[in-house]
Amino acid sequence: MKLLAIYAGLILAVGVPIFFSFYVRPPLNLAADSFFKNVEETINQGDITFLSFDFGPGTVAENGPQAQVVLEHLLRKKAKVFILSFYALSQPFLVSISKAVEEKLQKEGVFVTYGQDYVIIGFKPSPELFLQSVLGAKDLIELMGRDFRGTPLKDFEIGQSPFDYTAIKAWFQFSGLADMLQTYIRFLETGKKLKLYHGCTSITVPESYIYLDSGQISGLLEGLAGSSWYESLLSKYFPTREPNQRLLLQFTSLTFGQLYIIFLIILGNLLSFFGRD
Amino acid sequence: MLAQYLLRFLAFIFGGYFVFEFFSPQSWKESLQLEKINPVVLNALTTVSAFAVGLGVINLFITHGKRVFGLYRRWFFSLVLLSSFLITTFCGFYSFVYIESRNLQIKFLEALETNSFEVLSIKHPSIARKIFLACPIQDSSCLQILKDQLNREIEQSKSGLVSNIFKVLSEGLLFPLGAAMFSLLAFYIASASYRAFRFRSLFGLVLLASALIVILGQNSLWLSQFEFFLDLRAWLLNNVSMAAFRAITFGALIGGLILAIRIWLGMEKLK
Amino acid sequence: MSLEVFIVLLAGFGTLGVYSFLIKENSFFRLIEHIFIGIAAGYTPFYVFQNFLWPKVFVPLLGLNELYGVDVEFPTFERLAYIVAIVVGLFFYAQYLPKRLQILVVIALTISLAASAGLAIKGIFTELVPQLQSSFKPILVFNPEFDFLESLSNIVFLATLLLSLTYFIFTLYSSEAIVSRRLLTVAKILLLICFGAFFGSTISARLSLLIERLVFLKEEWIPALLGLF
């Protein structure tokens, strides 16, 4: 019975903001702030960037919004974006997130064309194999071959000019999977040969800081808090843009949920202190 | 004894290839054409691992098949599991084979523009036979119609019954149920916070304080409004937490390195 | 009812079925659990075949590379490598054969593990060396004047790193042979700060998963359900 009350309290705490649709402003997140400013200052029109959506249904709650805000930022800056994944269960998100961003931008009159501004490579098995090949390949268009529908990349405008890894301005990787980030760091020799930006789930935030400090990753988005602050920065830099209400709603719920958990910890300890369990 | 030597030899060769490839100078890599051989070797080794997936499938069938055919308790759920497995696999493979066979025929037709039919039919006899039965090879308009028809069939199959079933299974069940299963953990965190998290000592207090700083530092409603608190959170994560985790990482990496070297040199008994 | 609406309704009922476990374990949850495992188990072999085995192994093996417009440098070597790989891969199934053939399983395991070990040796160096390099921080920082806070941070960092490393030395000596018990207590506290940070982060991660599902139920499932009436 007590357990049910705890569960019901949790649903109430996180559910009330969702069902009554009220929002709080996300607080400053230093890592996301630095990430945004890095992208804003270093990525220019025509720069080649890679986005890896290495997340599935288990972590889409945190990685999905990260991928969405960063993709939107890159497309607004008119960078050339190649979207791929090394996780089989991420395939639907490659299309759904890209489509959602494209539709959002088109509503604002920012026209983005598949095959010209971005292309979805799709799922590539065996990240060790592919990432090692990236550093050795003379033409990455040939290495990637086709998009997720099987159309040769050379048929698209984005695939007209061959390029190697030195032309990649930045690689953005979003994942909550154990060891995935380490695979990129090991086989792409990030920090030395390539700039890697990482969007992680909240669980791996303390772990990711060791790579941020060593320069092996150039930027870090910390779960939902990071993507919420990034979202608010996008609204600040592009004032005509419509904010992502769903993301702000999720962050508001998270805020209340965290306070509820803290309340439970304190309540449990107080009751235990006074001898009642 | 001979088997032990064979296993050590295999371990040394297959492990040593990557060690050699990593440590060898660029001139050696160029002369041995390692950059061209490497993808093939990696693909081949990944293939070996990929075949292990079948072991899980066989195990699944043995475990749940016994329950179904032996009519054990809850045999119905095992039947549901095996049925959903078979339906998913069938739908996936059927769509794939349907689309890929038509894709190959389209590619054969495209290749006819630069190669003769005789040359291609020797290399790909089964595809050539299908094309030959559908159209006279000299009739280019018939070949174009065939190509358009194949493209149409591929497009239609994407919204066909089998594709729709696969879509329902993946988007209607697999992804949402996966997310829901993971989200149960939130409830367990809540119950653990109430029942198990006790700060009876200095150590518990330190753990809790650190957790509170990290949580409240990204919480809109309270202490994060003060810049000092945000700096404190960042300092904690960038210095203390990062240093401690780096120490753990060093231990893990060095331990991993030692284990990898032991496996490579055949010092770990696998039998 | 369109397919998309059906998918949303199914997803919502499935989600609620999973949450029914919180009240009590029940047959509906069991049914959903088994369906989920069946689909997940069926998805993986198909994806491995479609995305790896077919394009990377069977296409070159069957000589279809040319049709896909892929130039191959060493076709004979490639075909031989894949045939050997398939044969070795099939060795895994020798565990269902008589006992004297079990050595084949060990051969396949040895090759897989040795290759992983080789890759790990390569990977660990590229991961470890930059970590070591960035751990050497100056104790006294001048920017150009003496920066007390930065220096203190670096000292705390180095102390935490060294004490935490010492705490985990099990192999050759016990930690107490190297530093005093008081310093080990300090090391424990510093490690607990790290674990506290992990715990705090984990709470956020788990809550995010629940929130995503609730948002789905509110914004997609409930409108789809109401749309039926």
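As written, the chains take the letters A, B and C, and residue 1 is the first residue of each chain.
Keep this in mind: contacts are C-beta pairs under 8 Å (C-beta built on N, C-alpha and C of every residue); 3 or more make two chains touch, one makes a residue touch a chain.
What you see is a predicted model; the values in this text were computed from it and never measured.
> Where the contacts of chain A and chain C overlap, which chains show up?
Common neighbours, chain A/chain C: B.
> Looking at B-C and A-B, which pair shares more C-beta contacts?
B-C
> What is the distance in Å between the mean C-alpha positions of chain A and chain C?
17
> Express in whole angstrom the distance between the two chain centres, defined as the mean CA positions of chain B and chain C.
One centre to the other, that is 10 Å.
> Between chain A and chain B, what is the separation of their C-alpha centroids in Å?
19
> Residue numbers in chain B touching 2 or more other chains?
In chain B, residues 43, 46, 170-171, 174-176, 178-179, 182-183, 186-187, 189, 193, 208, 212, 215, 218, 237-238, 241-242, 245-246, 249 touch at least two other chains, as defined above.
> Scan chain A for residues touching two or more other chains and write them down.
Answer for chain A, listing residues that touch two or more other chains: 7, 10, 58-61, 89, 125-126, 128, 205-206, 210, 213, 222, 225, 257-258, 261.
> Considering chain C alone, which of its residues make contact with at least two other chains?
22, 43-44, 47-48, 52, 56, 119, 122, 124, 127, 131, 194, 197, 201-204, 207, 209-210, 212-213
> Can you tell me which positions in chain C touch chain A when the two form their complex?
22-23, 43-44, 47-48, 51-52, 56, 69-70, 119, 122-124, 126-127, 130-131, 133-134, 194, 197-198, 201-205, 207-215, 218-219
> For the complex, give me every residue of chain C touching chain B.
The contact residues of chain C facing chain B are 3, 6-8, 10-12, 14-15, 18-19, 21-22, 30-32, 34-50, 52-54, 56-57, 63-64, 66-68, 73-74, 77-78, 81-82, 84-86, 88-90, 92-93, 95-96, 103, 106-122, 124-125, 127-128, 131-132, 135, 153, 156-158, 160-162, 164-165, 167-168, 188-197, 199-204, 206-207, 209-210, 212-213, 216.
> Taking the complex as given, what residues does chain A use to touch chain C?
4, 7, 10-11, 14-15, 18-19, 58-62, 64, 88-89, 122-126, 128, 145, 152, 176, 182-183, 185-187, 189, 191-192, 201-206, 210, 213-216, 222-225, 246, 249-250, 253-254, 257-258, 261
> Once bound in the complex, which stretches of chain B touch chain A?
Where chain B meets chain A, its residues are 35, 38-39, 42-43, 46, 103, 170-171, 174-176, 178-179, 182-183, 186-187, 189-191, 193-195, 197-199, 208, 212, 215-222, 224-225, 227, 230, 234, 237-238, 241-242, 245-246, 249.
> Enumerate the contact residues on chain A facing chain B in the complex.
Contacts found on chain A: 3, 6-7, 9-10, 24-31, 56-61, 89, 92, 125-126, 128-129, 132-133, 136, 150, 205-207, 209-210, 213, 222, 225, 251-252, 255, 257-262, 264-265, 267-269, 272.
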